[in-house]
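You will see two complexes here that share subunit A, one where it goes with subunit B and one where it goes with subunit C.
The block that comes next holds the complex of A and B.
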């Protein structure tokens, strides 16, 4: 890839992903959920209307510098993480960070959001962040075990190499690491923050938690950040378990499939409480992930 | 030059202590004493020196000092943290009692540490170690009150460790007839595995206690939490890490890695056993920190946990691990000293360090807030802080070395760090400010400068980790293990994918682009502090600040698993010893009548025995 093309992808890839998740995926999810509820549902372009409205609102309320820049930094962290994840052969920044760096850039984004919410001086926001970090602790246990299984088996920490290994052998990660794949499916909703794990941002819980003080362009920024986060999670899963893709189109198709799974779970399950979510994450998903790791260590051989 | 560092270091504290009548002179002298090792060591960069300074005729051995890349790195760390702590003390300690004694002990502890890292033989090493330990004991006790038992706990553990170390030194001297570390290093390459292991285990007890490795951690939380804050920074930043220095010196510098790697019996070996202990230390220390609401106690437990990362790094002996472990000493020292300075600053202005009593100070104390933020980010190891690079090296080394479970302990420890790090930042600086803090001001410049400097270093080494890593590869060369190839902005292509300049560029570019796109479209109104959405719930005018039981659901689940059985055991031993000594005090009451009574009873026993005709 030439430098020019790389830079072009660096700029366009986050934009593409934001549009994909924030507009297309959200539109689809509204429609699908509505049909499950036997409603007609909003038009498929409803997210566009919402975003345009948010950005063009005249009243924007800020709570200071940290409030503003926490959000911006979170978006930046997620964007850079996205550029390190190979998407159908496109990975402009993968030379600057491996899977561990991606994991840490996700933390970077969480911390940015936490700071922004904390700076809003609203106890509901603080409560939301506390719940968000606890949920992180919950799903991170199986998630780390899943990643370790793959990194140990293939003896690399590079995501590009993990994808290449699946391509070279023709065996998808989901087949090579079946137990890890089960664990991953079980914690996918937690990683995405959808039901049954939406106690962080659910409006009925703590007045939308970290988002309580966000309005106008700030809410638009939050939507962008959440879209990026979802894109990071989906593309990571596609790369780890479904062999990535040879071009961006197929990659996006695979992402769509995974996203629809999340939409279906979100539509039919009730919400966990925080401690229920923690206990859930630390039981079956962790056992499966642990089994996957042991299996990877046993079958590694030479 | 080396002698001058040690001699000035050991004499200056007493000169400073004696100048109690002239505070200004004392400050100048203390400053010079703290600055001198920094300058001298900077001049000596990259050199390896060994000098004999005295000869002990009756042992037939020479006492010597030496400078190696390892001692240079630790020495410069000690001198830097020591200097910052001193500058901080000038403002922080103003108007406090017993200042002469405080400065005396503060400088003596630093001199002891410098002496430890510069000693070329085990006798000097032991003497310096004891100077350091005893001075520390006295410094902890300076704060009085709860600090006295804390200091007692520290010195009891410390004596236990020193005894083990002394045993090892005597044994080495008897076996090889020398205490010179370089000579021992040559002699021990031919030692039997069993003997080397016993020596290593004895030293490990001493260094494990100093580095507060589980199950020897029990002294640390009290000692850190109760001592004077600038001293807590030195204690947690460098003094505890003398244990890591000791491990490095004995494992790599004296016994040598090949011999250590042969210490295995089937699947069990010295390295792997201690690595698992380090793993336990990480998880136990870090998650206990999450449960605490006293800021200094929280940081103390965090120190225990992060000590585990260092031990984990240096034990498993891959180049990545070792570099990460050594680098983490420096990074954690910067982060935790900075955070102790922050907690001290907050306490200085508000009078409390209880995380449930503070809040919203970010606008009242902006410099302290930014320092706290960078300190916490460095402790978590967020990219663009130096803590990230060392943790990245440790993780990568563990994964590629085939230790996924230890890697898991290290990775999940980071989530624990996020939990307590965010709690620390949030409860003190974010959220709603209680009305009584309206008048709080930023701390004086004397306290700001060390915080700004440390925060700057954390970011500098986070973006250009090649600067310290170059010294670390010198250390590895001096140990005879393969050195880490370094690049100034991350990892060279042979090591892995990490380029922090690109990450920085990417993050800045995106953040500024988003700002540029969204800022002009609609100018934001700055909301008043009380102007928040309460979802229709009635709230008092001052509002609420969510601080108490910050992670309650998680705490309730993990708390039962975090019972400190070792601490319980030590307390039990303490109580039993207390009861025994109380009993003994009844016998040795100091009253002549009691002693007369004992004599009469004894005579009576003899007479009775005689009358019964029982003669042994």
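The block that comes next holds the complex of A and C.
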């Protein structure tokens, strides 16, 4: 990959992913959720209308410098994490050890949101951030065990090498690490922050949590951050368990499949309380992930 | 056909298009009208066809739904909520009570004329209006947004002295001083 092409992808890939998740995926999810509720639902381009509305508002309330920059830090963290992940043969930033960097950058985005929410001085925002960190505490344990299993088996911390290994042997990650894959599917809604794990942004409990003081252009920025985060989670899962793809189209198709799974779970299940979510995350997904790690250690080649 | 019309407006007035088809209401459910909101939003009448989705915080919302009577106590919070919303903001008043006091017009504690304290864009009469009436009101508001006649927020800014005078008369000087103390309000 030449330097020019690399820079072009570095700029265009986050934009493509924002448009894909914030417009296409969200529109599909609104319609699918409506049909599950036996409603007609909004038009499929409703997210575009909403974004235009948010940008067109005449007043925007800021709560200081940290309030503005926290959001931008979160967006930057998620964008860089996105560039680290190989997507259908495109990987502008990845080198060796990128799996560890992604783990770090995913927390970096939460920290940015936390800064922004703290500067807004709204008690609901603080509660939302504390709930977000608690949820992180819940899903990080099985998530790190899953990644450890893969790193141990393949003797690498590079995501590119993990995808290449799946393509070379022809065995998908989900088949080679079945227990880890089950654990990953179980914590997917928690990673995405959808129901039953949406107590972070619960409108009825904490008035949408970290987003409570965001309106207009700030809310549009938040939509961008959330769609980048969703894109990071989906593409990471596609790379780890479903073998990546040779081109971007097939990669996006696989992402769509995973996203629809999240939409269906979101439409059907009610919301967990914080302690229920922690109990869930530390019970079944952790046991499955631990089993997957032991299996990987036993079966790995010397 | 209607879908086609909705998509076509994007080419002529994109900002009006956004504000017309993306009304995010925040409910101020103090009165009996609150019971009409769930069937309107959920499967029986499905307000999301018009691009409406309930919001939790006044910063995110651009439509204030006042469902029923307002007392002196609740009016304070309605005014605070309204001033925290971002412009352009719209108000739909639901039921007879905010119009003229309705059933409670002799009560010492109920606000008889909401128009004195806040600019209202659409009134829906009835005790209580059914969800159909509510959706008609929303459609009326959409037409007004398209025509540019839904200018309640502009009236509030232009006639702020009038509204402040009425607010002071009913709620007392202390309320206005409290409003001034909260700098982040507007």
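The rule is simple: the second predicted complex is superposed on the first by the 300 of 302 C-alpha atoms of A that agree within 3 Å, B and C clash if a C-alpha of one lies under 4 Å from a C-alpha of the other, contacts with A are read in each partner's own complex, and residues count from 1 in each chain.
Just so it is clear, contacts are C-beta pairs under 8 Å (C-beta built on N, C-alpha and C of every residue); 3 or more make two chains touch, one makes a residue touch a chain.
This one's a predicted model, so the numbers in the text were calculated from it and none came from an experiment.
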item: Touching partner for A:52 - first (subunit B), second (subunit C), both, neither; value: second
item: Subunit B versus subunit C as contact partner of A:61, first or second or both or neither; value: both
item: First (subunit B), second (subunit C), both or neither touched by A:219; value: second
item: Touched partner set for A:36, first subunit B, second subunit C, both or neither; value: neither
item: Of subunit B and subunit C, the chain that contacts the larger number of subunit A residues; value: B
item: Subunit B versus subunit C as contact partner of A:207, first or second or both or neither; value: both
item: Touching both subunit B and subunit C, residues of subunit A; value: 55-61, 63, 121, 124, 207, 212-213, 216
item: Subunit A partner contacts - residues on subunit B that touch it in the complex; value: 360, 362-363, 373, 377, 380-383, 388, 392, 395-396, 399-400, 402, 404-405, 407-408, 411-412, 414-416, 418-419, 422, 425-426, 430-433, 490, 493, 496-500, 502-503, 506-511, 514-515, 518, 521-527, 529, 531-535, 543-547, 550-551, 553-554, 556-557
item: Residues of subunit A touching subunit B in the complex; value: 10, 14, 55-64, 66, 68-69, 72-73, 75-77, 79-80, 83, 93-98, 100-101, 103-105, 107-108, 110-111, 114-115, 118-124, 126-127, 129-130, 133-134, 136-138, 140-141, 144-145, 148-149, 151-152, 155-158, 207, 212-213, 216-218, 220-221, 224, 273-275, 278-279, 282, 293, 297
item: Of subunit C, residues touching subunit A in the complex; value: 3, 6-7, 14-15, 17-19, 21-22, 42-43, 46, 48-51, 53-57, 59-60, 62, 85-88, 184
item: Residues of subunit A defined as touching subunit C within the complex; value: 30, 34, 37-43, 45-46, 49-61, 63, 121, 124, 203-204, 207-208, 211-216, 219
